[in-house]
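The structures considered in this document are given below.
Note that chain A is present in both complexes that follow, paired respectively with chain B and with chain C.
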Partner chain A sequence: MKRFHLLAAVVVFVLSLLLPLVVETGYALQILFRIYLFAALGLAWNLVGGYAGQLSLGHAAYFGAGAYGLALFSGKLGVSPWLAALMGVVVALACALLIGGVSFRLRGPYFVLATIAFAEVVRLIAKNLPNVTGGDVGAQVPALFHGNVNRAFYWAAVMLTALAFATTVAISRARFGYYLMAIREDEDTALSVGIGAARTKLVALLVSAALTALAGALYASLFLYIVPDQVLSIDVSNEIAIVAMLGGAGTVLGPIVGSVVLESASELFKDIFKEAHLLIYGVLLVVVVLFLPEGIIGTLAAFLRRRALFGGIKAGAKGVAAD
Partner chain B sequence: MSLLEIDHVSKRFGGLRAINDVAFSIEENEITFIVGPNGAGKTTLFNLITGVFHPDEGSIRFQGQDITHISPNHAARLGIGRTFQLVKPLRNLTVLENVMLGAFLHTSSPSKAAEQAREVLKYLQMEKAMHFTASGLPVAMLKRLEIARALATKPRLILLDEVVAGLSTAEALGLAELLKKLPEWGVAAVGGVEHVMQVVMSIAHRVVVLDHGTQIAEGKPQEVVRMPAVIEAYLGAKYKELGL
Partner chain C sequence: MDLYAALQAVINGLLTGALYALVGMGLALIFGVMRIVNFAHGAFMMLGMYATYVLFTRTQISPYLLFIVSGIVLFAIGYAIYFALLRPIHGKSDFMQILLTLGIGLICTDGVLLVFGADYHQINIPLLGKNLHLGSHISVNAPWVVSFGIAVVLAFALYLFVMRTMIGRAARAIAQNRYAAPLMGINVFRVQAICFALGIAAAGIAGGLLLPVFYIYPQVGDQFTLKAFVMVVLGGMESIVGAALAGLVLGVVESLTSLYWGNEWALAVDFVIFLLVLSLKPSGIFGRQRA
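Right, the complex of A and B next:
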């Protein structure tokens, strides 16, 4: 069972890498890039929002830190692009440390409010420091790849998704993953069995922020130019969260499925419905929240688990639940 | 040195004296019950011992170490397990996973944690429910799950808050039979109960009686039920003369 899952993941990964041999148009590759990028972002968000149950609607801050880190460390300080991208990750980690360190001590809706506020503050700072960030005019971003860029960025997004996926699988099978779920289910209970809840949540947020910043750097470098209202907007935060929730928060596959469905649907609707595609998008979300509150994978897993338990199939019930 | 020493502890919430100058100690491998009506301060006392609240006066020592200002997760690491009066299962996890979370305190390996969790579940006669999610369990099972999760942390002391509340007499006595074996696990227990004296009398080595946050009696179960102060608190002053 487990070996089969691993094999399936490797096959999908290899096929994804081979896809550009068939798909060659830049437009199609850019859509695929976006699907994988948001799969990676959803997976990153899922560690905090899904497994640990700490709703973040401010992941744009880490995304923007990665994007602006690459643009500014390279553009202003002359650091090489890849090193600048890593420095952007460090900035994102510092943001996560600040926001998590303060708000994870509190219970209730404080964390989600703090994430929104923090991301908005970062966006406003970026808008109002023209000497540093270029303000509303924006900043140029160095290219991380040369040559056939669409193909290279697509591959990079696939690799990033694979990294986020492997991280998620490793965490979900380790004690750390169980700790995150315990905190999500009941923080008092988590404390009563000795889990340092604040610290555990913080570690999850740091991992999440680092992956998100890498995605931000990739995104920025593909378009070569960024403005605060694009990479730091609350729309980015929302889309990341929605991808994970649509597919199934707290599941390994959910964010990937969510990204495939949401990104391809929004691309499709953009063509068919023109300006009305946002409306369709909104209706789709309402339907999901009402009828699939656990997301696509969550609902499917619950169905299979019930069937396994009550159908007398004893083996595998746990495996379906976890995966 | 006692396992747990409660040294003249008081706790106020605004104008309410929830715990007023309570002092007693718990010995190793002993089952003590704290008896008192609703609002007597049992849960507050448990929250003070596990660091959810901190006393305004007095101090608490565990294995000789001052734990007056400890945090809840640190208390668990020192060897103080607890159950919650209003059960707090990890609802979307299976029974086994719930108990594994206790076992993770001493091992980082999921397979070892699962093995230890199975042992605890066997003792509490819950193996059959192992793969069910906790959200679907009946109350009697949820109460046992609370105990199983706490026991899996291998505590030296386990605090059982209203562990038989909401159970039928048969269920309560069944659970009491299991609790009797706790000392075999090297665990001392402090149970809090409202009035299920059948359970208290059958398994308690010692009883502490609380009334409105004040400790009105302490001793062996048979002695305590004859103390005038206890009879008065429970039945009213006029029954004192009857010498029940």
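Right, the complex of A and C next:
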């Protein structure tokens, strides 16, 4: 069974890489890029929001750190683009240390509010320091790829998703992953059995922030130009969380499924709702909370478990009848 | 001269702060009785603005009377939303409640965007041109004085409602212990519905009162959601008096920040105060120790 899962993952990965041979229009590739990018972001968020159960609504800070890191280190200091992207990751890690250090001491709604406030402070600083960040006018972002960029960015997003997926699988099976889940289920009990909750959560946040920053750099480099209200907006934080919650927080496949559903839905409804495109996010959020509280994958898994159980009982009854 | 500028800023801050106070009290009331952080609070305030705007353009009645109508409309919306959406998830985790109200807020904001478009709207009333002079150096814009007066009266009324009426007592009982309250014969759902609707109506009324001095657009409420969070955290989460005081403080802090550092830093200062309070004194400045 495990071998089958691995095989399926490899097949999907290879097919994803081969997809540009069939899909050639730039527009379609950009939509696919978005789907994979948000799958990676959802997976990254899921480590903190899903496995550790800490609902962060401030991931735009790390996303923006990656985007602005690439733009500013390369644009202002002349560092080569790929190195600048890595330096953006370092900035995101520093943000995560600060944000995690303060907000992980808080629980429930206080934690959520603190993450939002931090991301907003970062956005306002980026807006109000035009000498450093370009302010509302924005900043130019160097190209990470040349030539057939749509294809290259698509591949990069697939690779990033694969990296985030592999990280998630590894963590979900490791002792570290069980620590995170223990903290999610009951933080006090986790503490009492000797799990260093603060440190464990912080490590998860660092991994999550690094992946998020890489996605931010990719996103920025595709658009070549960023402004604070775009990459640091609370809408980015919300979208990342919605992707993971819709698919199923705390599941390995959830964020990928969530991204496919959410990004396809927003693409489908784009012409109907025009600028009111967040309407579909709102509707999906309400639907998920009321009808699919464990997300698409979580609900599906529960359904399959029930059916397996029920099927087992029926098979048992048949066996009894045959006797 | 500099002193007058500061004094002027403090007065302007208090005038704005009274409206903030109304928004914050609504959020604190909802949090106290329901333990829900209402992420749609600013969106409801925005609905109050648009309701007043639509009524004003149709009837030309002063917004300082129309706010009553928009308050009633928002109360009805809140009551309906409570029973349709919030009651079914009663007792679910914080996450679910936060995500649900976030979703409701997005639907409100983008619903209005769909109907009214992204354009900025503004109304014009004769009162806007009038200024009241206090001495030779200080003057205040008349609409702000009127809205301040109304907001203070309403805030006091809300306080009396919570402290003196039977429903207010029931609400405080639920806030103290939501398991013991129903044993005392309190209909928790009904009281929660009324408090949720009242909290939203308070936000909507503040929106209506702000209409004459504000541009309105669908996302106008977003900043108020965040400001209301700051107020309730400063005020000690469920304390409506704390939230009201915090609203006044926030108004003055923003006004002084605008004066000395520039308008663009006002919101950032809000959040920095917020984070400092959260990390240093999470029970709030005006609040008692939380259990």
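What we mean here is this: the second predicted complex is superposed on the first by the 297 of 323 C-alpha atoms of A that agree within 3 Å, B and C clash if a C-alpha of one lies under 4 Å from a C-alpha of the other, contacts with A are read in each partner's own complex, and residues count from 1 in each chain.
We adopt the following convention: a contact is a pair of C-beta atoms (placed from the backbone, for glycine too) under 8 Å apart; a residue touches a chain by one contact, two chains touch by 3 or more.
Computed from a predicted model, the values in this text were never measured in an experiment.
Student: After the superposition on A, what does A:D188 contact: first (chain B), second (chain C), both or neither?
Tutor: The first partner, chain B, only.
Student: Of chain B and chain C, which one touches more of chain A's residues?
Tutor: Larger number of chain A residues touched: C.
Student: Output check: A:V121 vs chain B and chain C. Expected answer is one of first, second, both, neither. What do you get?
Tutor: It touches chain C, and chain B stays clear.
Student: Classify the contacts of A:V286 with the two partner chains as first (chain B alone), second (chain C alone), both, or neither.
Tutor: second
Student: Contacts for A:L106 in the overlay, against chain B (first) and chain C (second): which applies, first, second, both or neither?
Tutor: Only chain C; A:L106 stays clear of chain B.
Student: Could you please specify the touching residues of chain C with respect to chain A in the complex?
Tutor: Residues 37, 85, 88-89, 92, 94-96, 98-100, 102-111, 113-114, 118, 222, 226, 229-230, 233, 262, 264-265, 267-268, 271-272, 274-275, 278-279, 282 of chain C touch chain A in their complex.
Student: Using the touch rule from the top, collect the residues of chain A that touch chain B in their complex.
Tutor: These residues of chain A touch chain B: 173-175, 178-179, 181-182, 185-186, 188-197, 309, 314, 317-318, 321.
Student: Quick check on the complex: what are the chain B residues that touch chain A?
Tutor: Chain B residues touching chain A: 50, 52, 71-74, 76-77, 81-82, 84, 88-94, 96-97, 100-102, 104-105, 108-110, 113, 131-132, 149-150, 152-153.
Student: How about chain A: which of its residues touch chain C in the complex?
Tutor: Going by the criterion above, the answer is residues 53, 55, 57, 102-103, 105-106, 108-110, 112-114, 116-118, 120-121, 124-125, 127-128, 234, 238, 241, 245, 273-279, 281-286, 288-290, 293.
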